[in-house]
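Each of the two complexes below includes subunit A, the first together with subunit B, the second together with subunit C.
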Partner chain A sequence: MYQSFIGLEIHIHLLTRTKAFCGCTAEFGAPPNTHVCPVCLGYPGVLPAVNEEAMKMSYMVAKALNCELSPKCYFDRKNYFYPDMTKNYQISQFHDPVGRNGYFDVEVDGEIKRVRIHDVHLEEDAGKMIHSGRTSLLDYNRAGTSLLEIVTEPDLVTGKDAEAFIREFRRMVRHLGVCDGNMEEGSLRCDANVSINLKGQGLGTKTEVKNLNSARFVRKALEYEIKRQGRVLGKGEKVIQETRLWDSDNNVTASMRTKEKAHDYRYFPEPDMPPFCPDDAFMSEVVSRVVELPLVKKQRYLNGLQLSVDAAEFLVEDRLFCDLFEETCALGGDAKQISNWLCGDVQGQLKRAEVALTDSHITAARLNELVKLVDSGVLQRGKAKEVLELVIAEDKDPSAVVREKGFEQVQDDSQLDGWVSEAIDKNPQAVEQILAGNTKTISFLVGQVMRFSKGKADPKKVTDKLSQALGL
Partner chain B sequence: MTLLKSWDRVLADVQSRTEYQNYVTAWESKIRSMLTFDLNRDRFGAQDGPLANIPFAVKDNIAVRDFNLTCGSRILENLVSPYTATAVERLQAAGARVVGKTNLDEFGMGSSTDNSALAQTNNPWNVNAVPGGSSGGSAAAVAAGLVPFALGSDTGGSVRQPAAFCGCFGLKPTYGTVSRFGLVAYASSLEVIGVLSRGVDTLETVYDIIAGRDDRDQSSVARPQNSPARGTARVGILRQIAELSPAIDAAYRETIEKVKSLGVEIVEIDIPALEYVVPAYYTIATAEASANLARYTGIRYGHRTSDDSSMEQMVAASRNEGFGDEVKLRILLGTYVLRSGFQDQYYIRAQKIRTAIRNGFDAAFGQVDLMLTPVFPTQAFLRGEGELTPFQQKLADKFTAAANLAGIPALTVPIGVTDGLPTAMQLLAPDFAEHRMFDFARRMGVDMAAMTPDGFDEGWRK
Partner chain C sequence: MNVNELKTTAQLAMLDIPDPEKLAQAFSEMLDNFSKMMAVDVEGLEPTTHALAQGNRLREDVPRGTDESEAVLDRAPEREDRFFKIPNVL
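Then we have the complex of A and B:
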């Protein structure tokens, strides 16, 4: 009987080397107040200078979200006092953001849902305030780093929708290389607003839910909140417009119980920065950097390349795996087989060795070589794992490993034929049994050949030759 | 000997430094133009360059590393700047050395320098008169011969009006030609760093050094390759000029005659929007100031209260104790005009007036090469009886603030001395036509030898 409406406000930290408006490094994890300068500390007389890479990344996200891109975007000052803000105004975008009126497609239970995007705007992050007893400590390393805010329309219906949105969105920004998407560390943050109402009556009174630091919490918090609002309305009461925090220990949302002051941010155009007008070179770089998005890629892998759902899902989770997969395919070879290698042995060994793909020495050329070695029978499938391990550990080509370790299977017909004749000559009893119909005994002869060859004969080829020699 | 040449031995040896120090000390006991005077602190001046070893002073709202940056305010009384403004850096690279930081109205808000929380600066011509403001310290120091030039900042006339009050040239460049990096912001879209000097040649030399695009100020602009023509054949005057004091009125008429005598045509110009200069100026300036001054909370630097009962209280009390009344008034006004729902009525309307004023000047400069107006309706006013009220002082900003709203360059040119105080007029030019004003000022042939207050002496440095 109730209908629910969910909108998300997502903040992502852009992976720029420096902060949004000064030259300080944007790296995290340094000792407090070591990545600061007069500009990001808000000293008197300093001026912001916009980071062009941050603008590029912002336009990339807006483009990926199918927004109308601003040909002339302005910065505004958003005024409010808080000690973690060095200037007591935030440089943000209000009147003319980077992008507006976009949409983003998300797959939920095999169905595509289209979610409208209200706007995408660039702003600066604040510092961090840490309270300890009567003292508060401030760390401004984060102050002034580039933060991109994405605001959706309230088009999502269930907690599951919202979770799917966040997962797809996170995958997207990671593919674009603009954000690492880490929700636990706060480089991707999500607030949700949700309201319910009787069907056909439009939006209800919304609450804002914060402290959602994983996609799963987004779902659970919204499912809880929708039920809670249903109970409130069911009792004939009214939902109070407020901010609620998700309590993941108790699986409930709880009112922040702060007086909600109606903030007047007194936005006005930032006089220190002229409007940003992207030129042709800027826009063509943006367009070229907006790569194929994960959802589209996944569908291509499934429908075009006939990969399994598991393999496709696995690959599109990580841009690097996709790139390696596509580069390897481009060198020739069966896409399905390559995808099996990647989500099977490659993934497994990297995990075991605790090595990231980028540091693993695995390249498309090496993967291609490995697959070919197995395909052509030079390398036993069973030994291939060991080769892969050494490629990762020792930064060597698979062929070199095979050579050094003496893993090549003997393919030479005359040599194989010699061993086959020897086995037949030396084991008349076994031959007799085989000829009498006990064909399983052929494995005994294969074993003999393997022994003569010190394990280097290709067992498949040996079996074929034995069968042929015995007229089977 | 040119003005700058007469200064280049001043820092050369112990004896001339001592003479310099003595001259300044004698004057400063009367006028207190500088908050800091130190011949040894600037370690950044290059050894050679066109201004090698030339001392200069900098308004104390412009950052110079290792010097105070008080802005004339209690809230920044103990701040030492960790960095240097671009304009100052460019002068240092040309060899010049900062020797002093000059007094000003707190954060540049005022027309008398009496709004400084730190010192009272007097006019070198008459210590009972104000030096004007807000760059009153720079004007007084230059007029008394303490430095060959000084930097000031001009938000609504803050270089030109004190230059007029003290009898020196004062340049407000085209908005954006001089980097604002290092100028403590009061009203960002209006203000620019300017220069004060007793010589036009010096002004021009300094301006040519400090002008130019700066990557640290994205609102800065490069001067165009083809600079505007330098000649002046027609000068515009405003059709209606009312409420000038008798001395200024006389100087104005005299100047018009002088211009005619140079064979230059005088053309009467109407710019109706100028009627709204003052309200538009104060709306925009205070709006921007309310945000620009929000950073002073005593948390990272500057005055911090002893009242730390809560975070909010600490910030509120630090600001209450640190800011003077005029600053508080302007922050309140600016906060008021930016409230949501009221922006159409104030801020946006003021921006429309601003556009109309700009258009008015554009049209005017289609007919004339320069405009001539008074700088201020009166000469330097005396403290006490007959003093202008703060409200009258604001109304009197109309001639100067127009150039800030339009973004165009303007120059104060001394005219003469009446009743022991200087008179001056203002030239206004289209964007980037600073040199046209310099040339015309030279043609006007100001007798600077006559523009010396009692006690002015050049003998010690010759």
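Then we have the complex of A and C:
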């Protein structure tokens, strides 16, 4: 039987304000060639200078991936001729990248798989081309923006492993705040190298699969490609080393016609850029910005805080939810209860209102207050949803909403007792039924009390009082 | 250097060489000089990639205020609206 080997090459757009080597804005969506200058267009005599923030983010990712961090990293020129770059080379890192020899843990079906990282290097992205008729139109807004490439060793085995890797990696870069992780828009891109071979024979001849713009496509393309290579070898033929494109409409990979000649990028040290040596201040900032990673967080939520798997998975999907959760817990609330609020009502209402958590006016203090109002019996659980809605819509504290709306539940026992007696006195038939064993009818009496109280009684308390009064 | 090596190198650099035989001869002389340098024992020495590198040269992540886009677009051999225009390369 065959075994498969998958390695990934992931490119992420770093969330820097400016490009990697010049002061052009790195923002997307501007009219063509708005963010261009002599440096990113490679005019003769210009001098690129590396973006400090891009460098920090690169070291952060390398650190998070447990790499050996370079004490002196170099930039190299990767030479190629294609009009998506005006310079005829890309500034990249080849001999001494930011990080090497790391690893990243990924959970697949409840098991942790450790994937070795070959290297992490900073480079620049290319421009965009539109081909129409006899001309090609060039837009260099994206040319020179910071792109971080992460190369894994071929330690992944199945398409499912690769999908899990991408998802975990995406969560990680989002938690670090270095990339928005949007695969559809191309801010996280993935190419996959895959080969199969008879067991014990090591790596086979690999193909490279491109055009994978979702984690699901990564899995599907690799599953297809592993089967395809199996069929090729099964027929006694050889796998051709080539680049193949994933065709998501037909669920197949297809050979991308390329020039026969192997690439020779003639890397050499970029003479315009001195090597970079991180100093102590730089490194301590990098270390401090590498926050707890999502997988570690998830395990802490599950094992330390006893959250449900669903709640833990929901929270770690978004750093902002994690932060809000942890801040609210720090105010003394019950972790489980808070997590339930967040993945239940808070998430649901934000979705319905189409509001992002950051714009929602929900703060740890407010969430804590809301949970406490319900806990202490001041606010009915049912009414709490309405309060939350108003917190989001009107930027008010829950207690203020409760006061304004008159949502406080009646806590006064004598008043509750009065309504309970009234309900019993006015509904002898119902009482008879209950005493005859039809205990469900008690909800009718609870309803009566709720009516007397204009909805301000706590139904649970009322039920208890009714049961007591009727000797149940 | 033999002529084929030169042709491959020229191709990689997208250079058109009118008289490869003559140039190959000149290149061979140059490479001989390099091989003399290559013979020197540099074991344990860090390669000198930059003669004048003095410390890090970093740039703060702050957008440059000025817009030079019109100036560079105007210098293009051909433009169409805000695009640089070239013959179709696909």
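Here is the rule we use: the second predicted complex is superposed on the first by the 412 of 472 C-alpha atoms of A that agree within 3 Å, B and C clash if a C-alpha of one lies under 4 Å from a C-alpha of the other, contacts with A are read in each partner's own complex, and residues count from 1 in each chain.
Everything that follows uses one rule, which is that a contact is a pair of C-beta atoms (placed from the backbone, for glycine too) under 8 Å apart; a residue touches a chain by one contact, two chains touch by 3 or more.
Just so we're clear, the structure is a prediction, and the values are computed from it rather than from any experiment.
Undergrad: Would you check which partner chain A:Gly186 touches, where first means subunit B only, second means subunit C only, and both and neither mean what they say?
TA: So A:Gly186 meets neither subunit B nor subunit C here.
Undergrad: Quick one: classify A:Arg266 as touching subunit B (first), subunit C (second), both or neither.
TA: both
Undergrad: Between subunit B (first) and subunit C (second), which, if any, makes contact with A:Arg77: first, second, both or neither?
TA: Once the two structures are laid over each other on A, A:Arg77 reaches subunit B alone.
Undergrad: Report for A:Gly230: first if it touches subunit B alone, second if subunit C alone, otherwise both or neither.
TA: Once the two structures are laid over each other on A, A:Gly230 reaches no partner at all.
Undergrad: If we overlay the two complexes on their shared chain A, which of subunit B and subunit C does A:Ser136 touch? Say first, second, both or neither.
TA: Both partners, subunit B and subunit C.
Undergrad: In the superposed model, which partner reaches more residues of subunit A, subunit B or subunit C?
TA: Of subunit B and subunit C, C contacts more residues of subunit A.
Undergrad: Which partner does A:Pro31 reach: the first (subunit B), the second (subunit C), both, or neither?
TA: It touches subunit C, and subunit B stays clear.
Undergrad: Could you tell me if A:Gly418 is touching subunit B, subunit C, both of them or neither one (first, second, both, neither)?
TA: Neither partner.
Undergrad: With both complexes overlaid on chain A, does A:Asn51 touch subunit B (first), subunit C (second), both or neither?
TA: second
Undergrad: Is A:Gly377 touching the first partner subunit B, the second partner subunit C, both, or neither of them?
TA: neither
Undergrad: Does any part of subunit A touch subunit B in one structure and subunit C in the other, and if so which residues?
TA: 38, 41, 43, 49-50, 79, 81, 83, 88, 136, 138, 264, 266, 271, 273-274
Undergrad: So in the complex, the part of subunit A that touches subunit B is made up of which residues?
TA: My answer: residues 38, 41-50, 77, 79, 81, 83, 86-89, 136, 138, 264-268, 271-274.
Undergrad: Mind listing the subunit C positions that touch subunit A in their complex?
TA: 12-14, 49-50, 53-64, 67-69, 72-73, 80-90
Undergrad: Could you please specify the touching residues of subunit A with respect to subunit C in the complex?
TA: Interface residues on the subunit A side: 16-18, 21-25, 31-38, 41, 43, 49-55, 74, 79, 81-83, 88, 129-140, 264, 266, 269, 271, 273-277, 279.
Undergrad: Mind listing the subunit B positions that touch subunit A in their complex?
TA: 61-63, 69, 71, 76, 79, 81-83, 85, 180-185, 188-189, 215-219, 287-288, 290-291, 294-297, 299-301, 311-312, 315, 335, 338-340, 343, 347
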